[in-house]
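The two complexes that follow have chain A in common; it is paired with chain B in the first and with chain C in the second.
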Partner chain A sequence: MAARDRRARGGRGFGRRGFGRSHEARTGWMFLSPFVLLFALCFLAPIVVSVRAAFHRDLPTGGGLYGGGELVETFVGVENFAQVLATPALWAGLGRVVLFGIFQIPVMIGLALLLALLLDSEVVRRVTVFRLGFFLPFAIPGVIAALLWTYIYSPRLSPINQVLGAVGAPIDFFHPQMILVSMANMTTWTFAGYNMLIFLAALQAIPRELYEAARIDGASEARIVWAIKIPMVAPAALLAVLLSIIGTIQLFNEPTVLATVNPWMGNDFTPMVLAYNAMTGQAQPSGAGPASAVSIVMAVFAGVLAAGYALAQRRLAR
Partner chain B sequence: MEHTVARAAGVLAAVAALAATSACAGTQATTTAPSPAAPGTTAVTGGEPVEIAYLHRLPDGEGMTKVAELAEQWNEENPDIQVTATKFDGRAAEMITKIEADVQAGTAPCLAQAGYAEVPSLFTRGLLADVTSEAAGYADNYSAGAFSLMTVGGTTVGLPQDGGPLVYYYNAAEFERLGLTVPTTMTELADVAKTAAGQGKYVVAFQPDEAQYWLAAQAAAAGGTWFSAENDAWRVDAAGEASQQVAGLWQDLLDSDAALVEQRWGDGFRGALNDQSLIGTIGAAWEAPLLAGDMAGTANEGQWSVAQLPSFGSEAMTGPDGGFGVVVLRTCDHPAEAMEFNNWLNTQIDALVSQGLVVAATGPMETPEAIRTFYGGQDVFAELATANENLNPDFPYIPTYPAIGAEMAAAADRAGSGQGTVMDIFTTAQEASVSSLEDAGLPVAR
Partner chain C sequence: MSAAWGAARPRRATVVVTWLVLIGALLYFLGPVYWVVVSATKSNQDLYTTSGLLPAANHIAENYATLLAWTQNQFWRWVGNSVFYSAAAGVIGTLVSVAVGYGLAKFKTPGGAAVQVAVLAGLLFPIALLTVPLYLLFIQLGLVNTPWAVIIPSCVSPFGVFLGRIYVEASVPDELLEAARLDGASELRIFFAVVLRLLAPAMVTIFLFIFVATWNNFLLPLMMLTTNELKPVTVGLYGMMSYFNPQYGAVLQGALLGVLPLIVLFLGLQRYWQAGLASGAVK
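After this line comes the complex of A and B, so read on.
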């Protein structure tokens, strides 16, 4: 990664060195334009729109039972944020995702690291088969995976419970005390392979000479793992954990699908579920304004968490 | 209101819609081309035909008369008014979000399907056209109760398409075998339920996921009106006398383990029907084909029957559980022509019945053969039509009704598992209704 940074920095001098360079720069921009256009259209524009929406609210102007049949977009300052922050459902949802993240992320990252170390070791033959196998769940679209697990968990259909029920210890996967664990299992299954790839790439970038030198010095394989491999993949772990934190804050597919068979979960089980249902008028508070406010609050929260984690990690590394 | 077959595939449809909207929010395809004719032109003489786009969520399933075929037939007969019908694959709430965006962008269709409980919400958001004068000429074609649901505060915004009065479905063969009588009052229902429970069978199921419309409809059947006007403000009465009566019935059934507790759209419900532990259920009229479909190929074939909802009081009355109409959107340039097609469409009774609808148009509905066979030769649609006529005519919805459903369903789930009471569902509805109205800036009477 460091090498890539240096190259990028070296390229900054373009354009200053004469006419031919500016022509090159224009060509460069032309090649870049498809990306810039799509980025602006699909990424920047929605952000601008939702920030704007967060400070507005559609309010009826006419009086009467139906508000005169017309809504006017009204600037309301920080009212949406105030209302959203005062919504208990938001905090309850936030509590759930934080709780979820605290136990799910370490388990998943640990599992991913273990799998990557196994594949990187001499123990495993046919690495490609396993690498693809572990990664495969990630290739299944999130909602499809959630549907699949919903069937596996379903009290009447669950193949797991057919076995466990036979020995008299069935698990109620949909129990309110259990549902977070059930969801954590779903996301771990999906993303462990993905994170494993991140670790595996980092492991394979480690120069083999280090291992050789260690072996000559008489280090055991376990010692190589502990003293060389794990410290060398620490930057990859930082990346994997950051992505996982952000992903956890955005937890949406699993609770949305599970809520279709568990009405007690409501339309506000996680903050992103709340935002979506607020947008379509199916939760309280309703409307584009509060929905955007929820999204922005969560973006800020994810940003603070990620930055905090990165800082702590850097301090520890020193 | 989520509806009929589309509902069973709800999750999958939601998936598709999510995938579509998340890919790139700014590039959603629109269904209409702006009409070439100038606004206000009514009849086009020899010029370009008027273009009407129509967005619907009908199932369009196997063996049904497709909406596109109906549009084709209309287009042949009416060269001056050309209709394009588009099916929306997604949830009702998502279609409304799309319509809102399209109206603001000026690319909305002329006609769109909307649930009766969503019509006030659409109206308040300024998405609907006032077609009161155009509709007046067609009013006689529809049941008065359904027509009134397409009228918001004196303004008619479209025409009704189907209705969902509650009825009682039961397995007649099992009833006979167990010596049970078909209940005509809710008191009888409770007695029959307890007798059946003693023999290991349920004649009724409590359905938490359906709480919002199913329980509201029962409150309507008990003569209740949840929302009414008082000095130009909303008076909310969701936890009043009628609701208390409904709560009393279900609390009794739950406490005595005489009702099966299952989500209507979960696998458990279907499983209980198929292993015949559930031999009766209170359901909307549009569930007739769904129940037949769920139990196709099992011993249940030919055994079931449809009866009127057991009455809460002295008179036969039922309540509306869902149903929808076709509204005219505000940006429509040709509301008169749109309404002309709208009326024609909604009076195509046979075609609509083939889509699984219990039509709002007056006129005889013929029970499709497959349905008749499943229900032991009964003229099911005649029974459903009677239920349509017995609808509580005074059960309007507030513009924020869609926002309170999840809270009601959550409360119902707690009631079903014994962690709460049935009455909690109605107090939740009461509080959520008031707070959602206030939140939307609409007046609430105190």
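After this line comes the complex of A and C, so read on.
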């Protein structure tokens, strides 16, 4: 099978012009190699380094009660993983991230889909202003967006609470029960327009004749949305959900910025915040070993989620 | 386009609701930007006491002076760093992405399938999780606290490769390559003189995505760079924000000036964004 395949493929393109197959392979690799080298350096090597680091720890050679002697990297087996998995902050952070994702992703994707459908409906003719306006927040870096919303939330500055306070119902955006919602709003604000543009592109790729045919058959506009538009955007929407799940696992900027004005959030609000602060020694357990262990645990978690999602999606499609 | 509606004219209520939702959404997305623009001109006192939506006494100059003083005159240097890191990563990353896209699309290479799998895995990998191990690796390589620590990882863009391959397949005809080969052009010359020329618009799109992703990255420079002079504007402003009782107008002015280059790129090159997102959506 494979041999036949190769022979069949060898027949076209390069080979017949007298360039040898090895020449083609060499030329191909010339173009692949810069990326392959960079990928090895920035993806593969760090994975190896983190696995290695996760099984080691810097321990003093002295061995006395207070250590003493030089710090030496020592193999400690699964001790880092055991310690990290026994850290309540990791599970609390993971719980927050999951809660955040379950709430934020459907709201954001739903909003993006609604806006894309409205812009595609041609009820409104001049859509450029809306398209650009919705997408603009994406051009604002996550940290800056977090900074801006943190000020908009802060009790002394908040323009929202200026209005709500006047009618006697100000919102405490920094309340521990409220902070995830406040954070979810930051992310939604940044990425809803981006996803909206992706959905809009998918919608506009649908041939208009399909709608004409449906109308001739007596379909209502609502029916066209449900039976044609939504199924046609579904693949793009499902990919957007998957990418949002992966983005949520790495939640770092928003909690880090919010923590500057809310010290109660600590240095371990999400797993990524925990990993960073473990590395810089600002959270327990600290050091390269535990920080790497947190990263690996989260990567595995992301892999399991992505695989589960892909399975669920395949089952739904059937 | 009006023909698309055929006989079914939208009802008046539908039109009104659509407009209301769209305008409401526009206020949600642009309101905070407007608030920042207005607030960047105010003193702390006016921020506490005047309406957030209306300008008060003009304190632009004072806030700007404070911004420069608090950043120890590093503010524009930070913006310059962001421009440099993003542009360097954008140029290198675009060339690398287009090259590998070309290699994958036009050559039968042993291992090409593995590279393709690596690109897909890279697209889905939670990249922030690599920051800690990258830091450990770059310590050993002596790259920590140099611009390379930010530029090199930012050059690797699986999404750029994905776009590069799609564009090569769509706009580089085999016949043209064959003709160039028959004329005796070397493979490198074909790539630089023929392929890159055909891909110019696509390269703008890939450049934009890498440029913005690099500018927006916060965790990587936060981890890698400690010297004040090397910080990009995102890390610099974060440091400013954590001051006790800052002059908000100054911080907000910094936020505004720190995203201005992005906004210009964004508005000026918006059709290239559209192109990149569209190919992501349709594939």
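Everything that follows uses one rule, which is that the second predicted complex is superposed on the first by the 292 of 318 C-alpha atoms of A that agree within 3 Å, B and C clash if a C-alpha of one lies under 4 Å from a C-alpha of the other, contacts with A are read in each partner's own complex, and residues count from 1 in each chain.
The criterion applied here is as follows: a contact is a pair of C-beta atoms (placed from the backbone, for glycine too) under 8 Å apart; a residue touches a chain by one contact, two chains touch by 3 or more.
Because the structure is a prediction, the values reported are computed rather than measured.
K.L.:
Of the two partner chains, chain B (first) and chain C (second), which one does A:V257 touch, if any: first, second, both, or neither?
P.N.:
After superposition on chain A, A:V257 lies in contact with both partners, chain B and chain C.
K.L.:
Contacts for A:P159 in the overlay, against chain B (first) and chain C (second): which applies, first, second, both or neither?
P.N.:
second
K.L.:
Between chain B (first) and chain C (second), which does A:S286 come into contact with in this model arrangement: first, second, both, or neither?
P.N.:
first
K.L.:
Between chain B (first) and chain C (second), which does A:F39 come into contact with in this model arrangement: first, second, both, or neither?
P.N.:
So A:F39 only meets chain C here.
K.L.:
May I ask you to decide whether A:A25 touches chain B, chain C, both, or neither, giving the answer as first, second, both or neither?
P.N.:
Once the two structures are laid over each other on A, A:A25 reaches chain C alone.
K.L.:
With both structures fitted on chain A, tell me whether chain B or chain C touches more of chain A's residues.
P.N.:
C
K.L.:
With both complexes overlaid on chain A, does A:D58 touch chain B (first), chain C (second), both or neither?
P.N.:
first
K.L.:
Figure out whether A:P170 sits in contact with chain B (first) or chain C (second), or with both, or with neither.
P.N.:
After superposition on chain A, A:P170 lies in contact with neither partner.
K.L.:
Share the list of chain A residues that count as touching for chain B in one structure and for chain C in the other.
P.N.:
The overlap between the chain B and chain C interfaces on chain A comprises residues 41-42, 45-46, 141, 143-144, 147, 156-157, 256-257, 260, 279-280.
K.L.:
Would you tell me which residues of chain C are touching chain A in their complex?
P.N.:
1-2, 4-8, 10, 14-15, 18-19, 21-22, 25-26, 28-30, 32-33, 35-36, 39, 47-48, 51-53, 95-97, 99-100, 102-104, 106-112, 115, 118, 122, 124-137, 152-153, 155-156, 161, 174, 178, 181-182, 187-188, 191, 212, 215-216, 218-219, 222-223, 234, 237-238, 241-242, 248, 251-252, 255, 258-259, 262-263, 265-267, 270, 273-274, 277-278, 280-282
K.L.:
Spell out the part of chain A that touches chain C in their complex, as residue ranges.
P.N.:
By the definition above, chain A touches chain C via 9-10, 13-14, 17, 19, 21, 24-25, 27-32, 34-36, 38-39, 41-43, 45-47, 49-50, 53, 111, 114-115, 118-119, 121-125, 129-130, 132-137, 139-144, 147-152, 156-159, 162, 189, 192-194, 197-199, 201-202, 205, 208, 211-212, 215, 221, 236, 242-243, 246-247, 249-250, 252-253, 256-257, 260, 272, 275-276, 279-280, 288, 291-292, 294-295, 298-299, 302, 306.
K.L.:
Please give the residue numbers of chain B that touch chain A in the complex, ascending.
P.N.:
Answer in residue numbers: 10-12, 14-15, 18-19, 24-27, 91, 93-94, 96-97, 120-121, 123-126, 128, 152-153, 155, 208-209, 211, 229, 232-234, 263, 265-268, 271, 399-400, 402-407, 409-410, 412-414, 417, 432, 435-436, 439-443.
K.L.:
In the complex formed with chain B, which residues of chain A make contact?
P.N.:
So the residues of chain A in touch with chain B come to 41-42, 45-46, 58-60, 63-67, 69-71, 83, 141, 143-144, 147, 154-157, 256-257, 260-268, 277, 279-287.
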